[in-house]
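The structure appears right after this line, and notes come after that.
In order of appearance the chains are A, B and C, and numbering begins at 1 in each one.
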Amino acid sequence: MNQPADAILSLVLLSILFSFGSSRLPSLIKAVAFQGIVVSLVPLFVGHELTAGGVIFTQVTLLIRGILIPLCIYMAIKKVRIRREVEPIVGYHASMLAGLALIVAAIAFSRKFDLPGIGQYALLLPTAIALLVAGMFLLMARRNAIAMVLGYITMENGIYLVGATFSVRAQHIVEFGILLDVLAGVMIMAVILQNIKQTLDDVDTALLRTLKE
Amino acid sequence: MIKPILFWLLAMLTAPFFSAVILKVKAFFGGKKGPPILINYYTLFKLFQKGSVYSHSTTFIFKMGPMISLGAAVTALLFLPIAGQPPMFSWHGDVILVLYLLGLGRFFTIAAAMDTASPFEGMGAAREAYFPIICEATLFLTLILFFMLSGELRLSAYFFGGEPLHLWRAAGAPLFFVVIALFIVLLTENTRVPVDDPATHLELTMIHEVMVLDHSGPDLGMIELGSYIKLFFYSTIVTRLIWPYDMGNAFVDGALFAAAMLAVYGVVGITESVMARYRMDKVPKFVLTSFALVFFATIITLEFMK
Amino acid sequence: MELFFLSLLLIFSGGALALILQRFFNPMKASSSLFIAVGCLLGLIHAGTWMARAGEAAATVYSIEYLNAFTLAFRIDGLSAFFLIAIHLVSMLAAVYSFHYMDHAEKPLATAVNYFFFSLLVGSMALVVAADNMITFMLAWEIMSLSSFFLVIHNPDAAENRRAAYLYFVFSHVGAMFIFAAFGVMYAYSGVFDFGSVGAMPDAAKILALVFAFIGFGSKAGVFPFHVWLPHAHPAAPSHISAVMSGVMIKTGIYGILRMYGLIGFHGPVFGEIVLAAGIVSGILGVVYALGQHDLKRLLAYSSVENIGIILIGIGIGMIGVAADRPMMAMLGFAGGLLHVLNHAIFKSLLFLGAGGVLQKTGIRTMDALGGLLKNMKVTGTTFLVGSLAVSGLPPLNGFVGEFFIYIGGFSGATPGGRPFISCMAAIVGLAIIGGLALACFTKVMGVVFQGEPRSEAAKDVGEAGAAMRLPMIVLAGACLVIGLFPTGFVLMAVEGVSALGLGYDTGELGTFIQITGNITRGGAVFFIVFLTILAMRKVLYRDKTVSRGGTWGCGFTRPTPRMQYTASSYSGSILEFFRPVAPLHETHPPIRGRFPDRTHYHSHVDDIAEKGMTPGVVRPVLFLFDKLRWIQHGDIHLYIGYILLAIVALLFFV
């Protein structure tokens, strides 16, 4: 644990466990917000020299990813007064153990790749893979719509890290574009959510089935 | 040989004092004066002077319970380097023996509770049997990590002198997760808030206190003493990890160690003051967090050691 | 070797005597159990002396021609001698126990038949571990399976007993089929039936034979998911038979796995990992299901599954150690596993004998109807306590010693790097969880069956078990304590057993073992000194104090009844909740309604996923397959003769 990047990445992995163990939406949002902040910090410590523009981009990313999006979602759940329970399909204990298993699997899997340039960051690729799978897991294993949105955001964090892994130069610009899309998506989601709530009195995604003709 | 015995005796003598620190901290947070700092000694003296009442339902196991749980805690302390001093005994694999001895103490505490035919004590016993299962898994996982870092399987290789510092150097930041996990284990094994509330008034919500409802007099005193020593045992482990330095002088080390211990007990007190007890079905998740943390630390360390 | 056959002669004649003397109930029991016990004692002396001079003599070999067609060959080496000790010790005590336990004088024939098959079972187990070629082995193996089948069906009046026996029959013969398959693979390459001359096989054939053998022997040993017969057969059989079956008979499966491993000599990591994984799963699920049981003997049967799991964890660590070329890890793992074989034989038979005492005196197997037995059954209760401590793996008893060795073996493999680390980590954490669950399980048994207050009329005012029943329990409890405190000799015996596997490790590192056992002894001594000091302190503190008795504190409730006690179901409820995915808990509880509610009840039941999955997973596909083959059978006798002709022609072509 000599690289500061690895210390930060281990915090990212930890945030996965927290998000799997959270039973209430506010704590899940906090976990994802924490995740967003630490994920945004990673580029500061990963190898290539920082330009002033890069630093600014990183800060803006942090602002959006760590503060703006979570805040948006938090306001959304405040406004529509939905149930706070994340309504798991897979229980919390099982989720937590699954989280541990997926971290192990991600580490084992990442050894298959041999990417130049990130050799000294032992955790970078495993964390990215773990985030992607963790997002998928949240999507599959939680019934609550907001929790699913948070799953998407976790996945997006993973994609961001993959981007940081693969691209060296242009990462900020591409990433920034994606991030703005996500922000827009979250805002639309907040509006739609309100509408779903008004129509169905709930945001349980299982109820969407009733919309079927 | 003199020094280990001295520190061992000192540990047993001061264990009740440290426990009272928690009460003081809690009183401070509650805006109260709190009991005197020597309250636990007064309680012990009071209990040792009394006689006992035994239930008609009980057998010899009821009387064995306090003795064995105290004996297990005292024996465990014999293997633990206190304040970085060498322990009385140390050999390959002593950690496993110590953990299983504490298990023996638990077996008899539970058996003594079941002996009374009281529904409340059975309830406490069931919980006492449940939560430490996960704690044990955490502790053995921690042991694997420590073994990986130091290559040895004895308590003195982890906590003697400057050894904890070697652990920190070898593992680095992941050890921080281990400290948190061990603190969670400390809270669970010693049935503190947020797992159990030792000061609650309702038997239905207790774990440890409800199991000793029927003990009285010196028997109860032994149980209390045993639980102080057990708390001391776990706190020493956590303390040595957060204060890994070795000054080379037994007295200086002892004093600094005592200060660090006060800090750990203080944190326990603060935790108890600012947190509420979890609902019983939430506790396993809390304890499982400790397992997840250590597992996580082990994987990361493994990844770095390559 | 003469002593070995003399002991067998005595054992078998004990069985025959029972059939002859069945008119005289008590003389029959006395003579039969005496003969069997003395026979076992001789066998014990034989195996013991073999062990004592193990260093000098090579394996003892003996063979005779059988039917002028096959050779019956016997060979006793360290591994056989180790298992012989366990078999003879437990069988001897079970024989003594049976004298007071088999007290149904109105059924002399059933009792005599029971003694007859008991003697067959004991003798055939000894023959199994002494066999030195495939024919001898399978012959002894089938006698063992069949005699134990007749012992399980001892009381055929109850439908559940018949079902249990049927289930056991199916499992033991499907298992035997797999063993035949394994032997077939071996024979295909070596061309002889001798055990000594296998080994020159390609790796793929080796692993195939090993996996077949593992399934076959695993179904005898009760490895998850082949354990389904165990919890049915044990409650059906008389308790001393359960003790022998659970204590030693299922260990012949372990013997088979070890023997095959030694013979085939496949040292890749894969098989070790399979064994280890099976061990961890059996261990954890076994004890979880044990926690969920209401029937005392079923609980003990599941606990056997758990302990087989622990043994397999040890053996698996040993095999992985061999594969990774770490002699110390391999020796510790194998030695720990073997030692646990002996330890489990001792404490599990002790527990079954204790359960038999409870069953005989109260007639109840349901734990929730028992309680408070310790007050009237002091010896049974106290020895059961010792057994419970041992099965929970707590020091200073024998259960701890084996687990301790397995732990140390696991840790010595837990140095960073690759596959052994992952396996060892899983093994250690698995063992820790098993230990915690076993503690919960056996505090439940102790607390609900022996402590507290009686929950039913039948459990009140029971008498102590008969003298012939108490003696074996005391001996076994003593053995638990002796092995727990002075394990050196027993560990060396296990090491001798391991060296028979032919791994090529010299026992030059014995010093380490003696040191470890010395540490266990010292640890036990330290604990006893502390305990005695506390005991003395307690005596001083209680001098001249008033000690009185009163009711249990009921938290202000003035009319407590024994029915209010915590039950076995409630005790284990929250733990089972944690394991719900693998141990589904079904509860039926009609709700309480209205001002004057009807009587209600509560019923809970834990599903065994292997048993649940057996019908849709195995039985139905097999039935479906055989349904498709039904066209072969159409009732035309001429065509049947045609089949026979076809078979003969085919055989002539191929052989």
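The rule is short, and it goes like this: contacts are C-beta pairs under 8 Å (C-beta built on N, C-alpha and C of every residue); 3 or more make two chains touch, one makes a residue touch a chain.
Values in this document were obtained by computation on a predicted structure and should not be read as measured data.
A.B. asks: Busiest chain-chain interface by contact pairs, anyone?
C.D. replies: Going pair by pair, the biggest contact count turns up for B-C.
A.B. asks: Which chain has its C-alpha centre closest to the mean of all protein C-alpha atoms shown?
C.D. replies: Smallest centre-to-centre distance to the global C-alpha mean: chain C.
A.B. asks: Cα centroid separation between chain A and chain C, in whole Å?
C.D. replies: Centres of chain A and chain C (C-alpha means) sit 50 Å apart.
A.B. asks: Could you grab the centroid distance between chain B and chain C? Build each centroid from C-alpha atoms only and quote it in angstrom.
C.D. replies: Spacing between the chain centres: roughly 36 Å.
A.B. asks: Which parts of chain C, given as residue numbers and ranges, touch two or more other chains?
C.D. replies: Residues 578 of chain C each touch two or more of the other chains.
A.B. asks: By the touch rule stated above, which residues of chain B touch at least two different other chains?
C.D. replies: Those would be 284, 306.
A.B. asks: Going by the touch rule set out above, which residues of chain A reach two or more other chains?
C.D. replies: 93
A.B. asks: Within the complex, which stretch of chain B touches chain C?
C.D. replies: These residues of chain B touch chain C: 48, 50-57, 59, 61, 67-68, 70-72, 74-75, 78, 89, 91-94, 96-97, 100-101, 103-104, 106-107, 110-111, 113-123, 125-127, 129-130, 132-134, 136-137, 139-141, 143-144, 147-148, 151, 153, 203, 213-214, 217-219, 221-222, 280-281, 284, 298, 302, 305-306.
A.B. asks: Could you pull out which chain B residues touch chain A in their complex?
C.D. replies: Counting only chain B, the residues touching chain A are 171-174, 177, 284-285, 288-289, 292-293, 295-296, 299-301, 303-304, 306.
A.B. asks: Given the complex with chain B, which residues does chain A contribute to the contact?
C.D. replies: For chain A paired with chain B, touching residues are 1-2, 6-7, 10, 13-14, 17, 21, 23, 92-93, 96-97, 99-100, 103-104, 107, 122-123, 126.
A.B. asks: Can you name the residues of chain C that touch chain B in the complex?
C.D. replies: These residues of chain C touch chain B: 371-372, 374-375, 381, 385, 389, 392-395, 400, 404, 407-408, 411, 414-417, 421, 424-425, 428-429, 431-433, 435-437, 439-440, 442-444, 446-448, 451-453, 515-516, 519-520, 522-523, 526-527, 530-531, 534-535, 538, 541-542, 545-555, 560, 562, 564-566, 570-575, 577-578.
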